[in-house]
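Here's a structure for you.
Letters A, B, C and D mark the chains in the order given here, with residues in each chain numbered from 1 onward.
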Amino acid sequence: MVDVGTESDLLRWIPLLPLLVAAYHGISIGVLRRPTVPRVAAIFSCAAVLLSFVLACIALRDLLALPPDSRMLVDDIYTWIGAGIGSRALSAEVSFQLDPLSAVMTLVVTFVGSMIHIYSIGYMEDDHRDDKGTQRFFCYLNLFTFSMLVLVLGDNLVLMFLGWEGVGLCSYLLIGFWYSDSWNAYCGSKAFIVNRIGDFGFLIGLFLLFNALSEIGHPAVSFAGIQAHFDGIVEMTIAVPAWMPFAPEWQLVNVIGLCFFLGACGKSAQIPLYVWLPDAMAGPTPVSALIHAATMVTAGVYMVCRLSFLYAAAPEASAVIAWTGAITALVAATIAITQNDIKKVLAYSTVSQLGYMFLAAGCGGYTAAIFHLGTHAFFKGLLFLAAGAVILAMHHEQDMRKMGGLWRRLRMTRWVFFAGVYAIAGFPPFSGFFSKDEILVAAWASHVPGHTWLYGIGMLTAGLTAFYMFRLWYLTFCGESRVPSDVLSHVKDPNGFVVNPLWVLAFFSVTAGLVGLPQIWGDLIGIEESNSLANFLKPVFAAGEPHHIAHSTEYWMAFWAVAIALSGTALAWLLYIKKPGVPDRIAATLSGLYRTLLNKYYIDELYDAVIVRPLVVFSDRVLYRIVDAGVIDGIGANGTAYGIRAVAANGLKYAQSGLAQNYIFFMIVGAVAIVGYLLR
Amino acid sequence: MTAETILFYLFGGLAVISALGMVLNTRNTVASVLSLVVTMVSLGAVYLLLEAYLVAAFQIMVYGGAIVVLFLFVVMLLNLSTDEFPPSKQRLIKSAFVIAGVAILAQILIALGHDPLFATPPEAVPEGYGGYRQVGILLYTDYVLLVEMASLLLLAAIVGALILAKRKID
Amino acid sequence: MLPMDHVIALSAILFTIGVLGVATRRNLIVILMSIELMLNAVNLAFVGFNRIWSQVDGVAAIDGQIFVLMVIAVAAAEVAVGLGILLAMFRNRDSVNVEEVNLLKW
Amino acid sequence: MIPAPDLNLSVLLPIILVAIGSMTILMGEVLLSRADTVLGREVTESFIGTVLAGTAIFFFALTLWASGVAFAGGGVQVFNPDNPMYQLDPFSSFVTAVLALSALLSCALSITYLSELRINHGEYYALIMLSASGMMLMVAAVDLIAVFLGLELMSIPIYVLAGFDRRKLRSNESALKYFLIGSFASAILLYGMALLYGVSGGTSFEALRAGFDADNPMALVGLGLVVVGFAFKISMVPFHQWTPDVYEGAPSAVTAYMSVTVKVAAFATLIRLLAMAFGPLEASLETIFWVLSALTIVVGNIMAIIQENVKRMLAYSSIAHAGYLMIGLVTGTIEGYSAMIFYLIAYTFMNLGAFGVVVALANRGNDCERIASFAGLARTRPGLAAVMALFMLSLAGIPGTAGFMGKFKIFMAAVNSGDIWLLIIGVLMSVVSVYYYLRIPVLMYMREPEDESHRTEIASGEGAVLVVCALAVLALGLFPNRVPTLLFGDLDVLDWANRSVGMFFGG
């Protein structure tokens, strides 16, 4: 079993603990109908996730004890889909694997997850909307943690899909948690449906990949199995009709790669499927932090990195990923500039940062993508939670125009918030600086067509990021207070459950960059192999051959990155502190553009007009009125004038009439068609 | 043309005419039922010509004697002897049905015309073909399962008819 | 000897008449009778084909006629149940017009 | 002297048990109704109903046991070696067991519901048993006559059951439509059988297979008409329009029963026909099944979106599921058939469960069928809401449930036989289907309760059925290879599905 990995029965408990607690909650609500005391229920949940984190640390220790090239722990539990039949038997195990990539993900999920669980205790106690809801909330939260851990630990695509759907479902339940607003419920459905479009891509990709592997006699769905036989399918092509682009044939791995990327787009909110994420902010703030910033939305990035061997062999698909990521990063950053809801700014910022990660992954910088994923989890989790603290302090006010000057009031929150803002804006030596720098280097060095443009977009986005984050900072914490005086007197730091996790996250937001310190900085301060994250992850990823970049260039790139972040900050200072009237004047001058941005490029409206409404109209009008009414009467009419009048007069009368004889008529038509086809 | 053939065309024609009479008669339900009897009896005659004697007997006794009488009974019970539903105004739909029906018929006839089955006349029937003895023996040996299952079917029908039609509710 | 293709054609014609009756008549009783007509047409086809296949490999075979007997049993059962349903409906609605039966739609 | 037939009665045991059960119930009702005077009318009725339902459950359990034993034995046995009509083999014994199980669950589901409607008569259970015996005959038949007789024996009691609540216009109408269209469809089927008999000179599957000639137009017409007859039973588009009307109008417990068992029986018979009789003609059928399958999936799913009545929505959903199942027919491989069998089992549990919830909510004279009436159910009936959510997720094919496993196997079979476009249609429409399935959980979990007069107590029979279905849905989704049971050890359902169809491929 050496080539597969080292057995470890520990792994199964990492996801299982949260599941068990979720089951406990479910039984106590649904079956016993006797909810546990909220505080106790919450502590159970936190304990489960913390324990998972401890187990993950132990597993990491075991993993590090192994030689670098065979770092893989497996825990094979049972055969899930077995006993395949026919020549292409499929077998899928319920089996967990911990390699460096999933180890990083597991640690991030369990650690940030436990912080957010603890935070939720304090946050939900403040929520008086639904006093029975706390246990339900923690039930969903634990279920989510379970699904996410299955997603990252699963050793095959089918198990990954189980986690994939599970996190989507829990996200949906949690967004709609405060269901007294029907708007929230609507947002939940939207998230789920957009995610399902992505799942369509995932499933098709899975089936195509499996089919290709069976063609060469190695049906497999486990990552190890796929990777082992992957070389055999790289050259495969599929023929397409001449009218399709790039006819007559497509390289199969590109098609598969794009299918999976469609799945990633849905889950990780990339263009064109990003519409759901900003709306998902309707859920409670800890949910936004956990699911819609730190963990679930990064699942797409994780998947692309997990399938790095596939994307390394599919340059066109990789280029699509890189460009989609870059464009998403830019578009979302521009939208973030105009938003006034504090959580919406952070939401668009998340979309934008996810775009960065895909930019890196598409450029072959898988390590950079995972690095940024990790640092982003810390600082974006922190920012959301801190924003949640602000919102709590402000009595559920989220509009930044009604904040300002909170610096003096929130004496602890301000420091952690500041750490988060510095980290995301990319100032050294905060974590965001290193990970963003890695991404920009990867973009510059890649072979993707137009890679210098990608670099440029990345730089521009970095400037925009600094601008909108400091805009948020200045509007919220600095300047004159615009808070109504009756509220202002009550504004104070929230309780310890809320604040303490923030300090922990802030600490890591500041320092997490050091685990992936790029070699150029390591050289400066004299550390060999300073980029320990990259070395740790190296065996997992397919090695590309990027352009060589001189060290001096890298220093210049770092310099320019800081410079553009500084200029963004300066601009924000200028506009929102020095001359507060300017933004409105700009908005007035550029009203068309501003309104476009404010309305998020009218994307929602476009979707409504192009997809949702036509579907409703189609099923309502076409199926009912045209097919039923039209076909019945249309055939009867037979082109005579009388018939046309009859259609008009009796048109709707016979639509899905409920008349048995009309059904019989359709059966006759069907029978004639079938027999006619057979006799052709 | 033998006497048998002439009789076949005679009874066949009668069956078609009376069937049409049943379907097209929109005034008098009793007349429709009686047309059906004529069809059934003509078919019984055709069965005789086809040397299926037992089936011919059943055709007359069960169909003509029991089923049609049951129809007649219900028509009388519900006092429906005059058809209250004059021809529908949806002539167009009807014509569509006619077209569809003719299309089916055409398909079947096309299929038949090509069949090698009809190229040669059938051979003479073996001794005792279609008689009560042969059918009876086979029913209770080779096909005994069917007889048993048919009994269950009739049981189900009796129970069902009782449930649906009994007058007392609860 | 009878022209067998005409026998089968006769059954096809009767079957079609039955189909048209089911499809166009509005009186439920006539519709039921049309279904009976269709079953009769099937019986004729069975008997006709049985005449062609009166022996298989030198042994007398009457599958078709057995089938006809079963069809007759089924027809009787269907009529019983069908008339039962009709009676139940007549009691509730006082009508046997099939076009009035359209509560369930859409 | 007539030679006595060499009958093998033990082979017929499942049907014999069910038939005895039905007659016991009919006799029992007559005998027990004497107790009327002693106990008073109300008590007597519910007592008799429960006892008779218990009898039905008992006999179905015996049948389940008998067919399970036959399946475990594995061999092929025929009832009458001279003229095999009924063949108990791994396939038929397995499907018979599934039918017995779902009939058993339906009976347990019906007791309280029927008492609520005050129609808890013994005839109900007798008719269910009679129709089950028809299904069991049909799935084990290797002769067209037996197939036809089984089909009718299955259908006629169900026509009656659909109209069982005969004071209700909707129930009447449901029965009438089902009967009218059903007997029309069986006449068409019968004409097809006649033509097939004409082509091959025999009615056994063996004779059909030997006598077929894919170029003979009469064979093709016969084949087409037989396909139409079955297409009606499994509600393929465009032979589906009766389904929503009948499902909506029939009493919910009857809908639960017929929506699963009829489909299982008809699909199983179609598999056997295709595998044993129509082998030589399969190529010409493939395109037809392809088109019908795609149409069925698309129309079923799209029409389900706009329904406001939960039974109607489930009816369209069952049409869509028939479409997915047909993908297995299109492939024609052992993998496809095995996937179909597994899917049918999964479908049995999730659909029975979903209708079971509707049944458990039905209050006297008030069927709570509007989808909107599910609002806030998580508050008022958390347990019911949870299982309903589970069934909806399973019908939508969310991983971890039986529905996902079934769809996954079916789609996998499609991929492996190269039907990529059918796969894409199927996956796409199952994505669409989430929209309407999820409406119910959304209403239950994210809306405040309406003033809806649901029943507030769940009867033990209903509760047991729902628990069994929910556990089965989870178990089949999570460990289909070893479903844990307390009594019988671990059950490998996937392997059973493979073994049952393996016999058609020389396994």
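Rule of thumb we're sticking to: contacts are C-beta pairs under 8 Å (C-beta built on N, C-alpha and C of every residue); 3 or more make two chains touch, one makes a residue touch a chain.
Small disclaimer: the values here were computed from a predicted structure and weren't measured.
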More contacts between chains, B-C or C-D: B-C
Inter-chain centre distance, chain C versus chain D - centres from mean C-alpha coordinates, in Å: 26
Mean-CA-position distance for chain C and chain B (Å): 6
Rounded Å distance, chain B centre to chain D centre (Cα mean): 31
Whole-Å gap separating chain A and chain B, where each centre is the average of the chain's CA atoms: 68
Multi-partner residues of chain A (each touching 2 or more other chains): 624, 656, 658, 660, 664-665, 668-669, 671, 675, 679
Where chain C touches two or more other chains at once, by residue number: 8, 15, 18-19, 22-24, 48, 52, 66, 70, 74, 77-78, 81, 84-86, 88, 98-99, 101-106
Chain B residues counted as touching two or more neighbouring chains: 97, 100-101, 104, 107-108, 110-112, 115, 117, 143, 146, 150, 153, 156-157, 160, 162-164
Arrangement of touching chains [line / ring / star / complete / other]: complete
Of all residues in chain D, those that touch chain C in their complex: 144-145, 148-149, 152, 156, 159-160, 163, 166-167, 169-170, 172-177, 179-180, 183-184, 186-188, 190-191, 193-195, 197-198, 201-203, 244-246, 248-249, 312
Interface residues, chain C side, partner chain A - complex: 19, 22-24, 98-99, 101-106
Contact footprint of chain C on chain B as seen in their complex: 2, 4-5, 8-9, 12, 15-16, 19-20, 22-23, 26, 29, 32-33, 36, 39-40, 43, 46-47, 49-52, 54-55, 58-59, 62-63, 66-67, 70-71, 74-75, 77-78, 80, 83-85, 88, 94, 97-98, 100-102, 104-105, 108-109, 112-113, 115, 117-118, 121-123, 125-130, 134-135, 138-139, 143, 146, 150, 153-154, 156-158, 160-165
Chain A - residues contacting chain C, complex: 624, 656-661, 664-665, 668
In the complex with chain A, residue positions of chain D that touch it: 176-177, 180-181, 184-185, 188, 217, 220-221, 223-225, 227-228, 231-232, 238-239, 241-242, 245, 284, 287-288, 299, 302-303, 305-306, 333-335, 338, 382-383, 385-386, 393, 398-400, 405, 408-409, 411-412, 415-416, 420, 423-424, 427-428, 431, 434-435, 438, 442, 445-448, 478-482, 492, 494-495, 498, 502
